[in-house]
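The following block contains the structure, expressed as structure tokens.
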Amino acid sequence: MRPLIGLLIILSLVLSAGLLFAEDQVQKTNPPSQAEQHAAAQPASAAAAPAPKLDTGDTAWMIVATAMVMLMSIPGLALFYGGLAKRKDSLNTMAMTFVTFCIVSLLWIFYGYSFSFGADIAGLIGGGEKLLLRGIGPNSISDLAKTIPEYIYVVYQLTFAAITVALASGAYIERMKFSAWMLFTILWFSFVYIPIAHWVWGGGFLARIGALDFAGGTVVHINAGIAALVGALILGKRNEKALMPGNLTLVVTGAGLLWFGWFGFNAGSAVAANGIAGAAFINTNTATAAAAVSWMLVEWIHSKKPTVLGLASGAVGGLVAITPAAGFVNITGAIIIGMAAGIIPFFAVAMLKPKLGYDDTLDAFGIHGVGGTLGALMTGIFADPSINEGGKGLLYGNPGQFLTQLIAVGTTVLYSGIVTAIIFMIIKAVVGLRVETEDEIIGLDESQHGERAYNL
Amino acid sequence: MRPLIGLLIILSLVLSAGLLFAEDQVQKTNPPSQAEQHAAAQPASAAAAPAPKLDTGDTAWMIVATAMVMLMSIPGLALFYGGLAKRKDSLNTMAMTFVTFCIVSLLWIFYGYSFSFGADIAGLIGGGEKLLLRGIGPNSISDLAKTIPEYIYVVYQLTFAAITVALASGAYIERMKFSAWMLFTILWFSFVYIPIAHWVWGGGFLARIGALDFAGGTVVHINAGIAALVGALILGKRNEKALMPGNLTLVVTGAGLLWFGWFGFNAGSAVAANGIAGAAFINTNTATAAAAVSWMLVEWIHSKKPTVLGLASGAVGGLVAITPAAGFVNITGAIIIGMAAGIIPFFAVAMLKPKLGYDDTLDAFGIHGVGGTLGALMTGIFADPSINEGGKGLLYGNPGQFLTQLIAVGTTVLYSGIVTAIIFMIIKAVVGLRVETEDEIIGLDESQHGERAYNL
Amino acid sequence: MRPLIGLLIILSLVLSAGLLFAEDQVQKTNPPSQAEQHAAAQPASAAAAPAPKLDTGDTAWMIVATAMVMLMSIPGLALFYGGLAKRKDSLNTMAMTFVTFCIVSLLWIFYGYSFSFGADIAGLIGGGEKLLLRGIGPNSISDLAKTIPEYIYVVYQLTFAAITVALASGAYIERMKFSAWMLFTILWFSFVYIPIAHWVWGGGFLARIGALDFAGGTVVHINAGIAALVGALILGKRNEKALMPGNLTLVVTGAGLLWFGWFGFNAGSAVAANGIAGAAFINTNTATAAAAVSWMLVEWIHSKKPTVLGLASGAVGGLVAITPAAGFVNITGAIIIGMAAGIIPFFAVAMLKPKLGYDDTLDAFGIHGVGGTLGALMTGIFADPSINEGGKGLLYGNPGQFLTQLIAVGTTVLYSGIVTAIIFMIIKAVVGLRVETEDEIIGLDESQHGERAYNL
Amino acid sequence: MKKIEAIIKPFKLDEVKDALNSIGVQGMTVTEVKGFGRQKGHVELYRGAEYDVSFVPKIKIEAVVPDNMADKTVSLIESRAKTGKIGDGKIFVSSVAQVVRIRTGETGESAI
Amino acid sequence: MKKIEAIIKPFKLDEVKDALNSIGVQGMTVTEVKGFGRQKGHVELYRGAEYDVSFVPKIKIEAVVPDNMADKTVSLIESRAKTGKIGDGKIFVSSVAQVVRIRTGETGESAI
Amino acid sequence: MKKIEAIIKPFKLDEVKDALNSIGVQGMTVTEVKGFGRQKGHVELYRGAEYDVSFVPKIKIEAVVPDNMADKTVSLIESRAKTGKIGDGKIFVSSVAQVVRIRTGETGESAI
């Protein structure tokens, strides 16, 4: 009960601060938000900025894409992570993703969408004019998605926010208090995800300098990966450090659902049923396959056996790395990014982690942080203007793009790293971070929820 | 073998009665069915009743929505229920949903679609002119869904019928004969689902008095919930009354797939890729999240721990309650309905059930019956004409709507309750209701199917 | 390591042979590929061969359909097969499907698409002009799919290739070396799948004689089924011959995902969101339900109990049999095909297999080979020109169609059977076919991957 | 002290346990085991083909009791676990030299 | 030789095992069991309703040791498995007539 | 009567069981256990990192036999379960005071 009360207090504070700030902003008139990342994903003819008009085909695709990205969290990620957790921690691991999706779903409606995608304020944050979706109705269409109902765009973006937070949990499981995790969700979503989403996609300063991030390399994966690393360091090591997957059939199931849903994530980021969506789709599938195979081969050589977990991990690594690049690179770029994404995260996980000694339970940093960085930088190299005129990489005569990508990555790493650390300090003070050692040994399913995954 | 023969006889009787009745009806000319619930979900411009013309975007969305609702049954509901059942009853529980989907799929083609959506006869039942889909071809378009192939509309409605029957099984599992369940499927589908679907959606008398039910609060959830309660009372208590979930990872997986599929259920009920679909989508997600969180918080206070099953149950409660309201209410309405749907069904399940003493194994009544009623009534309060001009609730100056909703709920409860009781009596007489006590203790997987879920 | 090296060598040989051959072909100018199977699935008005122009509705549907067919492999088939395997072999079984999807994803981009769907050479094989997708960009549209981005069409066809190979694994599991399986994937995909796909769908000789195969009865199911049979014969019997499903809840889950994804497979084969897609959709659902029920009833009579595995097997049998017929037959045809598909494969599996004595672990031949043949032949009987003017069967006055179907089936059986046998001989020579007996007894999860599915 | 080890049919567990409790045998330890015996496993029919499952799922109950309780315990288990059909199981009795209750350090009969 | 059979709380397994290893008891066999005793299972709250789970998950450790090691082994297990709370479990000691090491065919104490 | 308890490698179960049947030992009870011994578990490599799994999965066979069958049973198990590699397992023999067949109420050797 105590942690519950703490949680509720924090929640009200965040909420009222947000609303006050909003009241303040709504007074001023803001220029319409800049054409941004996703607009760049539209074909050339769209550049003439036609009046927003609903297209049933685009709408059909984006409704489904939104549902697909939702599926990535529950049950996709919940299964992928839940199956990798020890048997006695699997439900708690699934609950972390589940509760995060629910909390973010509400906060996104309350203030997340407005502060991320409201009219830009100084390149830093969105305005408060859309708090609680004020002014949005069934006929509204956003400037950022000119052919679909704004309602769909709101939920589409919501699903990205939710999974980003949930991804970080992979580094914290098997020891973190459930109440601490909920508090983390509220704070990190509010103070880390929202601003970065605004910077890159909402017309903020990273959008203005031209950083390319098709579907979320920086906003989602680097961001979550850094939070994972910092959090794992502050939380400290688990009592039993082994990775002892409770149920690998769930992991394969989760990986499959993630792959499926990721088509909504990446191809959906074209915000239309068009050729860019097609390019993002084929690049996603190709890079994922390349990464799964290359992870498996490296593992076969390095550890003597090809594992199913390796195939699944490689696939996720490939999905992560192709995310920022999906709508910008050509098929050769996708193959190269995919191959790199099967090899570099493998070594991050197998070599770097033991050396640095942090305890990132499910390698959220090794796969999302490293894979996301890889993808963001390689986008700066391989972005092919004949695929998408909105992006031109080093290989196509624009070395500046690589620098821009570096800046975007650096900014995200710094901001996410520092604010995550502060948030962990606050949580430690308010409800505490870790469960008791005995509760950890007994398992978090029993100690946090009073449940067991299986009565077999 | 004996029950099998009984089943086959009943099936032939139902079939021939249906066909005879149909022959009779086809003679008369019926006026085209009234514009109904779903038509109301179309935007204003559609009111001019344009000629039916296929729209590829709407068609794309509705094809996928149909597949998504199919997924809700197999494996969605099968997993949700199968994981909650005792280990030794999990396959039987899954088989109940599986076989029901198959049987209803066939009967819907034979006579279900025609009697539900055929030309209205006296407000009570559809005509027989579409038996075995007579007259429907690849180019047919129904008046009720003017931009998509009628074939898709037929299967879309089929998936609703199938899951409604399957939902009731949650109250009967761990003791009911498999043959009795199949007989129940045939009879209840024919004599309860079909008429109520016609009354509300097929131009019947509840449609005419203006009852609002966007995606199935009365037809699906109240209907199944009452059948669950009545059936549980007649079946009597299980030998071991505990809820002892065999595999909660399946429950989370099932809940996720239900949530995903429910977007097809609710947003698909706009029968178009438009802003109403967008509203239904965002309301569905919001209410579900609110209900999951509120169930978890109430449980945390009431039972000292937040459970994963609580999160999943709350989510399903939210999905149920928002179903009739999804395309009518605004976002505030969705939040309030969601919060109520996490709290009221919780107390129905935790307090009411023990007091009344019926043994509803998986709380099909507590969640679907209570949640559905809640949603149907709150639709009468919160329906906001600025979201959908087809619905105006008490809060927007139309107190009569609440009364209409009460009538619709009352009619459904009465009709479903009485006919379900009669059907159970018939089944008892024909094949018997319950398995032997020893078979119940050994488990229904072994005794009904000769299988075990796991050989671990 | 040794098998790994063998694999890599073979891969490079296949690759370089392909590329050389391609270089050769690209010189010559090829006439555009014939209008084929899928074109026939377009409504009459399309016959005037309008200029390719992207339609957002068709594109929306085909993007999703592609994702749905991907889901059929991972996790759909992986779960269906993995749950049926013995506990100790379940991960290996899942890995076979997983790795095949990845390998085929890459090879399809490298040369598969080009040799299957490139400009026809002598009715036998496609040209090399599209190797590595040369010349295809976001704005490309294929003549075979005139309203969607070619990128989507490429991946859509890819998902068919991948699952076809994976289907055969059902006959080989619980004894085949993982390296041998990977080699099989490379060779069989290259030398069996690609040519047959070209013959039927890529404008090859079977397309020219007018063989009807809406979504893959010959190319996918007969082809995989024959490979399953031939491979099972050459591999020999397992040490423990029983079918001892490790986890039937996974089987039900997999069956549900297959059913769901199959709507993408069959209705997607209309390559448009239109009435033919609607017909394929309703036929698919109806035949599947009919097959599940009829398998269950036959089993009930034959083996005294209706099993969950029977329901699931019948459903898959129905999905297989309706595949070639889905967009050609009317609803009565679908019901008859479905009923036959629940009965004939059952007897193939229950009677024929024990008599002939081959050890097809999961009945890939009995279900896909027999069911596919059934469907292909019945398409020749029931194809109804009022559903799709592209197909006219024996019942509608065109007995020649049945003969044509027989030729297509025979050709596929012969070619697939012979080349599969040769490929198995090559694999035996290069890396060997079977694991050691002790490794087989210990289980392939442990011996091939060093993993266990469950740590429960 | 005696250790009573009974192999019984799983669905008889609750009945046997309640009976033992009623005569004051509070402590027991239960294990899920596979039994091989005269009762010959069963035939499973998957896809119409028969497969022998050679074992039968059984429950093993272990209870250590004071010597003077042993006979009573055995005959109680016997009467409650009996269905009269093949596969009802066996009861084995053997000697235990020492018992320690970990929580208190008590030993001998008072530790049971 | 003596067979030491200890029923302990699952989360104590690692500690007990390491302690036994440290005094030279290398071999042991561990089984997951369900315990019934004074510790009364627990109440699970599903959907607000209470359900008694009558058993408690326990771990059974079996180690056969030479006679002269028996007391030491017992008291070591006792000290390491103890939390002082109800349900800490029991240790049973009984005689073993013969031991064979399958790999070598050794018998008696040298086979342990 | 003697209780023969053998801890063996899982993949030897079928062979041992068939051999015992062949000399007339019809009844036995089998449990899945975790073995700790000289054979040191194994190293699992997940994502390139090594994790020690300290136990090895083993099978425990328990068979109660008449005194005169004990030696034969032991040596048969020994010969069939042997691979010569570490971890082949152990056989323990101890006395059983009484046996009851629940179905018939028979006791002693005739109950086995």
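When the chains are written out, they are named A, B, C, D, E and F in that same order, and each has its own residue count from 1.
Definition applied: a contact is a pair of C-beta atoms (placed from the backbone, for glycine too) under 8 Å apart; a residue touches a chain by one contact, two chains touch by 3 or more.
Predicted, not measured: the structure shown is a model, and the values here were computed from it.
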What chains, if any, are shared contacts of subunit D and subunit F?
C, E
Path length in steps (a step moves to a chain that is touched) from subunit D to subunit E:
1
Rounded to the nearest Å, the gap between Cα centres of subunit B and subunit D is 46
Between subunit A and subunit C, tell me the centre distance in angstrom, where each centre is the average of that chain's C-alpha atoms.
34
How far is the middle of subunit C from the middle of subunit E, if each middle is the mean of its Cα atoms, in Å?
53
Subunit B: which residues touch two or more other chains?
55-58, 60-61, 64, 244-245, 247, 253, 304-305, 307, 309, 450-451, 454, 456
Per-residue overlap in subunit E, given as positions that touch at least 2 other chains
31, 45, 94-95
Provide the full list of chain pairs in touch.
A-B, A-C, A-E, A-F, B-C, B-D, B-E, C-D, C-F, D-E, D-F, E-F
Of all residues in subunit E, those that touch subunit A in their complex
10-11, 44-45
If you look only at subunit A, which of its residues touch subunit C in the complex?
43, 55-58, 60-61, 64, 68, 86-87, 244-249, 252-253, 255-257, 259-260, 263-264, 267, 272-279, 281-282, 285-286, 288-290, 292-293, 296-297, 300-301, 304-309, 311-312, 315, 331-332, 335, 386-388, 454, 456
Contacts from subunit E onto subunit F in the complex sit at residues 3, 17, 26-31, 64, 94-103, 105, 111-112
Spell out the residues on subunit B that touch subunit E in their complex, using ranges where they run on.
242-245, 299, 302-305, 307, 309-310, 313, 346-347, 349-351, 353-354, 363, 366
Inside the complex, what are the residues of subunit C that reach subunit F?
438, 441-442, 450-451
